[in-house]
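Take a look at the following structure, please.
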Amino acid sequence: MPHIGIVLGSKSDEPYFQEALRTLEELGIEYELQFLSAHRHPDKVREYASKAATRGIEVLIAGAGGAAALPGVLASWTSLPVIGVPLPTSELKGLDSLYAIVQMPPGVPVACMSIGAWGARNAVLFAAQILSLKHDSIRKAYEAYRAAQRER
Amino acid sequence: MPHIGIVLGSKSDEPYFQEALRTLEELGIEYELQFLSAHRHPDKVREYASKAATRGIEVLIAGAGGAAALPGVLASWTSLPVIGVPLPTSELKGLDSLYAIVQMPPGVPVACMSIGAWGARNAVLFAAQILSLKHDSIRKAYEAYRAAQRER
Amino acid sequence: MPHIGIVLGSKSDEPYFQEALRTLEELGIEYELQFLSAHRHPDKVREYASKAATRGIEVLIAGAGGAAALPGVLASWTSLPVIGVPLPTSELKGLDSLYAIVQMPPGVPVACMSIGAWGARNAVLFAAQILSLKHDSIRKAYEAYRAAQRER
Amino acid sequence: MPHIGIVLGSKSDEPYFQEALRTLEELGIEYELQFLSAHRHPDKVREYASKAATRGIEVLIAGAGGAAALPGVLASWTSLPVIGVPLPTSELKGLDSLYAIVQMPPGVPVACMSIGAWGARNAVLFAAQILSLKHDSIRKAYEAYRAAQRER
Amino acid sequence: MPHIGIVLGSKSDEPYFQEALRTLEELGIEYELQFLSAHRHPDKVREYASKAATRGIEVLIAGAGGAAALPGVLASWTSLPVIGVPLPTSELKGLDSLYAIVQMPPGVPVACMSIGAWGARNAVLFAAQILSLKHDSIRKAYEAYRAAQRER
Amino acid sequence: MPHIGIVLGSKSDEPYFQEALRTLEELGIEYELQFLSAHRHPDKVREYASKAATRGIEVLIAGAGGAAALPGVLASWTSLPVIGVPLPTSELKGLDSLYAIVQMPPGVPVACMSIGAWGARNAVLFAAQILSLKHDSIRKAYEAYRAAQRER
Amino acid sequence: MPHIGIVLGSKSDEPYFQEALRTLEELGIEYELQFLSAHRHPDKVREYASKAATRGIEVLIAGAGGAAALPGVLASWTSLPVIGVPLPTSELKGLDSLYAIVQMPPGVPVACMSIGAWGARNAVLFAAQILSLKHDSIRKAYEAYRAAQRER
Amino acid sequence: MPHIGIVLGSKSDEPYFQEALRTLEELGIEYELQFLSAHRHPDKVREYASKAATRGIEVLIAGAGGAAALPGVLASWTSLPVIGVPLPTSELKGLDSLYAIVQMPPGVPVACMSIGAWGARNAVLFAAQILSLKHDSIRKAYEAYRAAQRER
């Protein structure tokens, strides 16, 4: 059963998460990856988010660009922590995505990471920090990763 | 039966639409006004948008601030034209709302107006222009309004 | 007789509309395409916009970059709905075009789409939504397009 | 016969030009002041700009806010030098007006000044510099003004 | 023993957290509040962050303005999840704080919330979501809060 | 004797003015071109600007990037009209140059054009408009250029 | 003989430096304060900067707003370290001043501080750090100030 | 014993400092170069900064990108003057780094230079200006460099 559910708005967003997925594998944390657009597949997004907790998922990560509604829409349908990664757009460079994710009105939080591949990597590390509070094995893997990182 | 459905994210957004509503009354166009948050009431937003067309509504207008998902979420649930009005936020002044509304990815359009009360007024005028294509009485009222505006 | 009139400020703007024009053909909606600069050909722009409605055109779409006056100038000469697409500029990346189109003062609305090719595609889809209110055949084509989009 | 024609988009823009007008009077340069909106009165703007040169006007100054098309539209109808003053807007603070005025595409220039009252004053001083090239009396008045300014 | 440690850069930041603290009390989650500047008290910040986990704290929240290093500096000294709240500054309105918090390079994540009081409230709600994964009583309190919020 | 003096901050700025210089030749307006940095050669800039008017120069054009002081420094040493062209910088894309040129405090005006090659071309056209007020041959050449431009 | 020369563009800039001047007095560092505009008094600025080193001044501090050329112009006339403080402007809030000061091209450096009163205070503290390298009494005063600051 | 300590957040930042290091060699000023991340190696950064003054270092230069805490963290651990160079990031182009460095709250100053390689070069020139106040040989080398620069 995956701990983390990752949702991307489109197939073309996947390269930004390549290194992030490798990090999850290095940490040995199970995850699943979906491609769902908040605007084109609202029903599937609702279904996925509503059932995530009962399926055992503990953290959601969503990457989206432009009017990046995906993280907030997921958060509207679940009480699980949602981490949002603003993805670059060709002209506004992800500043649009950043504002659309970070400026959530009070009531329904989304945890915003930095723009693009940096943020995708930090999203999985932040998920690992959350899961470490509850799962000893993940905590150990994360501490080992962080110690190794200090040496590099 | 109202032609236009207006949805605002919160009661505190209403002042930005005051003059816009007066303009609709001046034009004699029927409308209804709802207060629904995309993030706090996703189910009600879905229900409202999904049924709007069958209830006879022809244009939706949504005002929202910050990570302003409301216009895009409405548009994800309906094929009616959706007009979005970015509302000012206390620090980023509605630039966040603007990006979150105008930068819709291709596939599900939202028509973005200017920030705040200016945009609210233009939203109802743009709705009047759309309705004028089909309803003669609205076209006449709109043309009269515009002629009067030129004189002022 | 075309339903939609598209006006671009210069020949070099056409690539941004390539996929948008293909979408119109896919939808089977008739359109015409003009190259007119608001600043270099003000007389032709005035003539085109003033006569568009009597020629049967129902929606205008304009793409422009920089001090992108074209959509607003068209709107100043006609009561038809005008959809504006901010096109990228080499340095400010279309943020200048976005502000020059979206921040219309109250009285003469323009419906602003996202920057560049995304916005061009959404402009024609938004025009299709407007025309769907009146033309059954367009509504059917648009609903079919949208259903297919959901599957992709 | 006035040397300078000043056009403002609305009566509410006048306070930004108060000190500028006082400066013109101090310099003894004749001017006229019009209130015309590029979007609401396109015909009057066209007529005013087209006839300005034959009426003896040598420089046009235009102040406008938001999608500030006025200076560029004036410039599209005349060969006289046009000076544009971006006026503050309530949310974007005139950054929208600045982009809409300064980012003119090549072919039809507008001389952009700073935002608001600073820019209005500099617009009349810049007009005085232009007129000084041709009119000795204006040159003397301008040089005296500048010398006095150095002392203050 | 508090679950949440909140650190603010200065006493003057407290008003932004007033409603957030009330929300924590409503949820019945224990917390502690410190005033420590990353730049003026680096030793105390180091000590606080290094010992937080062993003292039983599970989530850190930090609010800071300007070159807002506090959340990242806390995160550099601990493996606990750190939530950052960008606080408004008098001129750049917290956009500086936002960039300084959200754009963390990969390796050491910080979860960024919206600017100001909105973000402070969402920070405590996000902390509640994290704690809900492990603590049943907090999950129940949070679900009740959220249900009540939907009714308001 | 040249009518127009063009000053660029460095040799590397010249490509932005290539087409502008060609336009001046097309118009048959004499000019001279200098390479002087406001910050590295303040004495030469002072000398050049102070003597320009007595040498018969009527308009100055300056292109500069970054903390683009050159146009303002020229204007501080002369009463001739100074036209500033903000040049692109590698990271901020000329937005820094734009602010440093356009936001002149009241008292010493600079006429700002658009960023980069667009602005360079408009600078020479604006200079031609200024010179047209006084020189009939330039006015004729400029009007012919503009008529040809309309045809293209 | 003052160690520090402070130059402000206008009398109205003085309030931003009030607390900074108090800090200098607290530190017992001698300074002098001038009001000189880079654009209106280029000759006096040149004279002041050229002679500062021979008069015994060791650090220059300049505050300016808008197209804030003052720090760079001072730096063009002297080899002393120049510290620049961007002052707020009414619309762009000092972002214009920041870009005009910080983005100095390579060759003539200016040390930029934060916008407004924060930056003015840091400018005098940074000057104290520079002077501490050479003057033991200033170093002691500065270290005492910093220790006291840690306690507050 | 080096006069200047340069700290970069990562090996990949070195190219921005290539020309700067060459300038230091041209000036004959001794320096040392470290690679330390504020977030990944907080202990080493603390140790380096705390001991720099006793090791004879007189000026610190730090280059960092994104949430660029490094210059401020160094400054929190030492009383030496710290010069910060904001390095470009792939999406926000170093605007994030600029804000994170320049907007230091009052109390702990950092001298901010321009973004990227420009700023790196100016950082070493500014360090040379500081050291010139105390070291005659450096002053002579710096004056010779500046005179040569004027000729180029």
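Order of writing sets the chain letters: A, B, C, D, E, F, G and H. Residues in each chain are counted from 1.
We adopt the following convention: a contact is a pair of C-beta atoms (placed from the backbone, for glycine too) under 8 Å apart; a residue touches a chain by one contact, two chains touch by 3 or more.
Note that this is a predicted model, so its numbers are computed, not measured.
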Chains in simultaneous contact with subunit E and subunit H: A, G
Chain pair repeating E-H, as identified from C-F, A-E or C-D when over half of the contact pairs by residue number coincide: C-D
Where subunit G and subunit H are represented by their mean Cα positions, the distance between them in whole Å: 19
Centroid distance [mean C-alpha coordinates] between subunit G and subunit E, Å: 36
Subunit F-subunit G separation of Cα centroids, rounded to whole Å: 31
Shared-contact residues (touching 2 or more other chains) in subunit B: 40, 66-67, 92-93, 95, 102-105, 107-108, 110, 114-115, 118, 149
Chains touching one another, given as label pairs in label order: A-B, A-C, A-E, A-H, B-C, B-D, B-E, C-D, C-F, D-F, D-G, E-G, E-H, F-G, F-H, G-H
List of subunit G residues in touch with subunit H within their complex: 19, 58, 79-81, 83, 98, 102-115, 117-118, 121-123, 125-126, 129-134, 139, 142-143, 146, 149
For the subunit D and subunit C complex, residues of the former touching the latter: 9-10, 37-40, 42, 46, 65-69, 72-73, 75-77, 89, 92, 95-97, 99-105, 107-108, 110
In the complex with subunit A, residue positions of subunit H that touch it: 40-41, 66-67, 90-93
Subunit A - residues contacting subunit H, complex: 88, 93-95, 114-116, 118, 149-150
